[in-house]
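Per-chain numbering from 1; labels A, B, C, D, E and F assigned in written order.
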């Protein structure tokens, strides 16, 4: 439900009249951030909007920490991700890859028109990650603004790694990482402990990681129903709100530093 | 900002784990609602997300009034509309027509897969209206579910017409209608009275209305900067929160009745 | 069969050498009209080209009435419409929605290149109506010419409504309206009275009309074989050539007035 | 203008109610013919619809000669051709190549659905010829019906060659061939002799013919304004109605023989 | 395997650093050649890359014979052809038609950017031939360079015809023509005589040839498994290396003459 | 030049008749490898086909080492990469992103049809990397075969890192890594030492690496002419054939191990 939350922070594009948007865009070293999430099954203990909620929170946290001196605006989070590998469970709304590409290009290009010096996609869904990287190039060829892209859980991996209690594979889809963040940010949407179950997926190729912190050099397509009964993969039972708070701090700090660097590079 | 608002009402797809979504979808006469908004300039007194905020509010109001006996879920509002005619003002994020078509088709078709008996697009942006009607057909040819579409301000036009103080043309883009609804729902996002100015556009073709309540039989493409200095068209100065409350009641009641009828027809 | 009919009236693009076309296009306030029809089943009593024949006749009637002072040319009628909901009966040739969009855009844009000040699509098939409205916008963003679109049976609805003998629903697909027009214009192609049968479709949603004169605010996709045995919907048995003549006069008069208005607005 | 010519011959799809179309389609060895023309400049002496008029006439002539024993229907002529090389003159309405492909595929595939055993495109415009050949393959992969395509002026080239008075290059765009056919079929649309002028284009590569009767093994793209002042290429001054009648007989006889052969091969 | 063969001749684009490519492109009358092959079944006696090997050889032979005075570069051979009619045998890698179109356009247009005065596609696969002709037009509309296209076995057909031992139909897919060329150029890849078998396909329409040397005016789509057990069509048993050498000489001589003519026409 | 190199090794798809391809594909645990390269500027000292040559060599080396027990075939290397960031230098042939996606999908899907149990893309060009990852998913959703993808220089990064003499950034585009490999594999195509110059690019974001061995978590689009005068980035002057041999051994060993693992996992 959007109608009572839009406009809660000062960096939101959506809550402003157009003239204020142009003012930020005209500032020296202005940055446009486009968060990209998804709506897809996250096991029995997390809502389908988990990736959208988390990337939205991380982006607004990072923007806030970047500080008022950095002229930055955040578009509404693109919630229409690429998730064919989750469809069989239900609860998943997925675009075709090409259609997500078109959405990201159109949003970025019509946004940049306002005068931004840089645009940075911040993604929160593994299924979108390669496409976001690819779109950095297609948008880059169409604009003079600097174009960047990242997936938030590839940031601050050393700090987050130090916090983990699970072994490799425990911080996968709906596992210790995401469940901790949700317990910190939206505990009301996390099912009670009995439902926090995931498959620890340990038979993957050694070149192709089963963990958010370590993707490995080889991509493999997997329909999640071949690997998990609940839909979650990892160790959600090891999650805690306190760990979530620390992960949140680590990631938003690094994102803030990135935004400051982008601003300064383009000022 | 989405992270603290998702899951506020029981009819939201986004806040649920997947199994609960399938449960609603499996119910007899289940209905999926896809709200479609936009992010586009709305003059100096309204935020660019006005259409998204309003359609989101109307849909959740209508769904609530339809009552617990109607198994209905609402996807997150599609905020990426078709608004080329607003781009010159700034503040506008717009998809190409074809890309919006693809988004609506993908969201509806992957949503219906869960078992819904009907899907209804509810649109809140004039620029999307024809496309939403067209997509009803393309989705309709791909599914056995019943497919419908409407634009909320074409509902309850008699009741709303009786409430108006403006002459024809006053309830146009950012005019008496939308400003009243925003004063009722999100007064914090409406600029003070001095900024509520619109052009009363009275030189249009008689066949092509300049008012939300009366479109007329002829479509004309117009870039809004040819007609309005502020970007708004109509009479926002005649808006009031009280009128907004009555408009809201009229439209949500009719939408609720429509949802009940769809449910019953497909049960 | 085209080879002996092209060039019968002076407003036809097709029958002229190119230099004469450029001459009209260069005139002040010149208007290009693109009629859009379809080839799709129309019950047992009407030919599949009914919509193409009727929109072609209406457009040439309207153009003629607009008079020699209005510089206007009419492209050949686009007969490739969007009719997936009729395919199951047979006799239907249908484009995918996107392909019809492309055809209309290409025809309009290469036509406008000659120097026209305005282009107006005139549609004759319900299945095309939303798309024609949408294409008004996509063409509008690509040209400085004014772009308009209409569906002929939404014109002069008061006059036509006064002529009807059927109740609501009787002037639907192949019903009293279209059969009357065909009896006036091409009686040789109308089957005799015994075959003029349609289903009076009275169980539709109240928001979604079953009549050409009243579409209602809600679109619903319907495959026609769910509603009609013959393929026709409405009351063809109430049709008459005399009524057809009056409908023709009403609609062509209003179309002529629209063409004059477009000409004057752009002169 | 279509409204008074559709339905003039018994092999026209357009003039029939759907049940009669299915009846032909269900016959043993039934053939669907899709004529493909264009609207493009043809010099100062011929109308822009020349290719459409001629292919339409040839197809109906061929169909008639094939005789009543051959169950064949002809769709309306596709008049939206591919003519970018003529656009600079004016008078030309052209689709993008891909869009013409889509139209031909959709028309053929929805037509074949009625039960035809074969479909044959008959093209009348040089600019379409390669695409029509290519579409034979794309349609062929999508259907069990036999799919064929030809361009009418590649038929009976020996007989037509024997009739010519011009040297090589004289039977090019708007030259002796097409002007003769038009003088035979639609003399009212041919400008008087003073305007029948074309450039005899003799500097082309020897591998790339400048004549309808001899294309040569090499394709070259040429914008016609580089080669001709009037837009016509060839020797229209050598055209005559009598020659046109003989060409017409030769081509329609061969087309009839082809249709008979297709019918027999698929019966 | 490419890594040890790229750069073997001086006309290869692939083996040069970019500055040398620009130098050739900047020369007066420079020509870019784009060979187009395929990977598709060629019976039991020839490798699936036959068309790619042959067009590559012919193009380099022709280029060499054109001589050092003709500034020409050859891109790597496009091996991704259009071969749906061969898929059922296996061994075939095929693009959709539209995708091959896109590849040819992109390669030609990014190549021409370097400053070439002309580009010539040389095709070696029947299934690509119509598309290559069509792409000549789409590329032609996008560039000022001259654009040409040919299929090598349509060159020097008189000389080759004089060499043949087979009757009409014997020089078809994997028949006397291609097998001879392979015996001349890559005898190590031709299976021994016992495996050189093809179906002599003599029941085709008289308008639609079954021989590389005579296509006829009518295209027909045929899945090759309807006509041939081995996948080859024609008379491979009549092939010889000596005949292959003569065919190679005839075709490369004519191609060289064409390249010289293109160079001179654009110098 | 392809005509004398195809068929040099036993794992090449291209050099075999179709029946032998099916035989491999039918084997238990069969693997199809699709190498993906590019043609794009590589400074003054390397040929534009460097990425194509290297990935081709690596793939054949890896396949050979995997051994005869692993049923594997390698398609011809796709040389049409995505390189818009190199176009300004010249020498670059580039597809649009979407077109490369289509090529990879079509090649993989028509290849898999033969019966392979797995397909693995092996990429050699940084500009393709994200797309190859994305295509793993789109192909994965269309087939039951296992689908994988990797970029060869992300393999064996520890071993290669131990061999380097350059600091971070020295193993970038045309730098120490690629130049060493080329000196090992094709020294004849490497310009002499005087031309081996690259820019050491040390001002990039710390999150966005400038080295093949360390990409970093943030993607940035860069047109190479903003960073390098020669077109190369890194330290080619530190390259040596001996280092190239060791890099080749490290990478091909790891690729062989990956192929064995894929084979065993799917056997």
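The criterion applied here is as follows: contacts are C-beta pairs under 8 Å (C-beta built on N, C-alpha and C of every residue); 3 or more make two chains touch, one makes a residue touch a chain.
Chain labels with UniProt names: A, B, C, D, E, F = Creatininase.
Since the structure is predicted, the reported quantities are computational estimates derived from the model, not experimental observations.
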According to the touch definition, list the chains common to the neighbour sets of chain C and chain F. none
Taking each chain's centre as the mean of its CA atoms, which one is most distant from chain E? B
Copies chain C, chain D: same or different interface, half of numbers shared as the threshold? same
Would you say A-B or A-F is joined by more C-beta pairs in contact? A-B
From the centre of chain A, which chain's CA centre is farthest? D
I'd like the Å distance between the centres of chain D and chain F, where a centre is the mean of that chain's Cα atoms. 49
If you average the Cα atoms of chain B and of chain E to get two centres, how far apart are those centres in Å? 56
Multi-chain contacts only, two chains or more: what residues does chain F have there? 98
Considering only which chains touch which, label the overall pattern as line, ring, star, complete or other. ring
Beginning at chain A with chain F second, the chains that make up the ring follow as A, F, E, D, C, B
The residues of chain C that touch chain B in their complex are 82, 84-85, 97-98, 101, 127, 129-134, 136-141, 146-151, 154-155, 157, 205-208, 217-223, 258, 261-262, 265
Chain D partner contacts - residues on chain C that touch it in the complex: 1-9, 12-19, 21-22, 25, 39, 41-49, 52-54, 56-57, 60, 75-80, 87, 89-96, 98-99, 102-103, 106-107, 110-111, 113-114, 185-186, 188-189, 191, 231
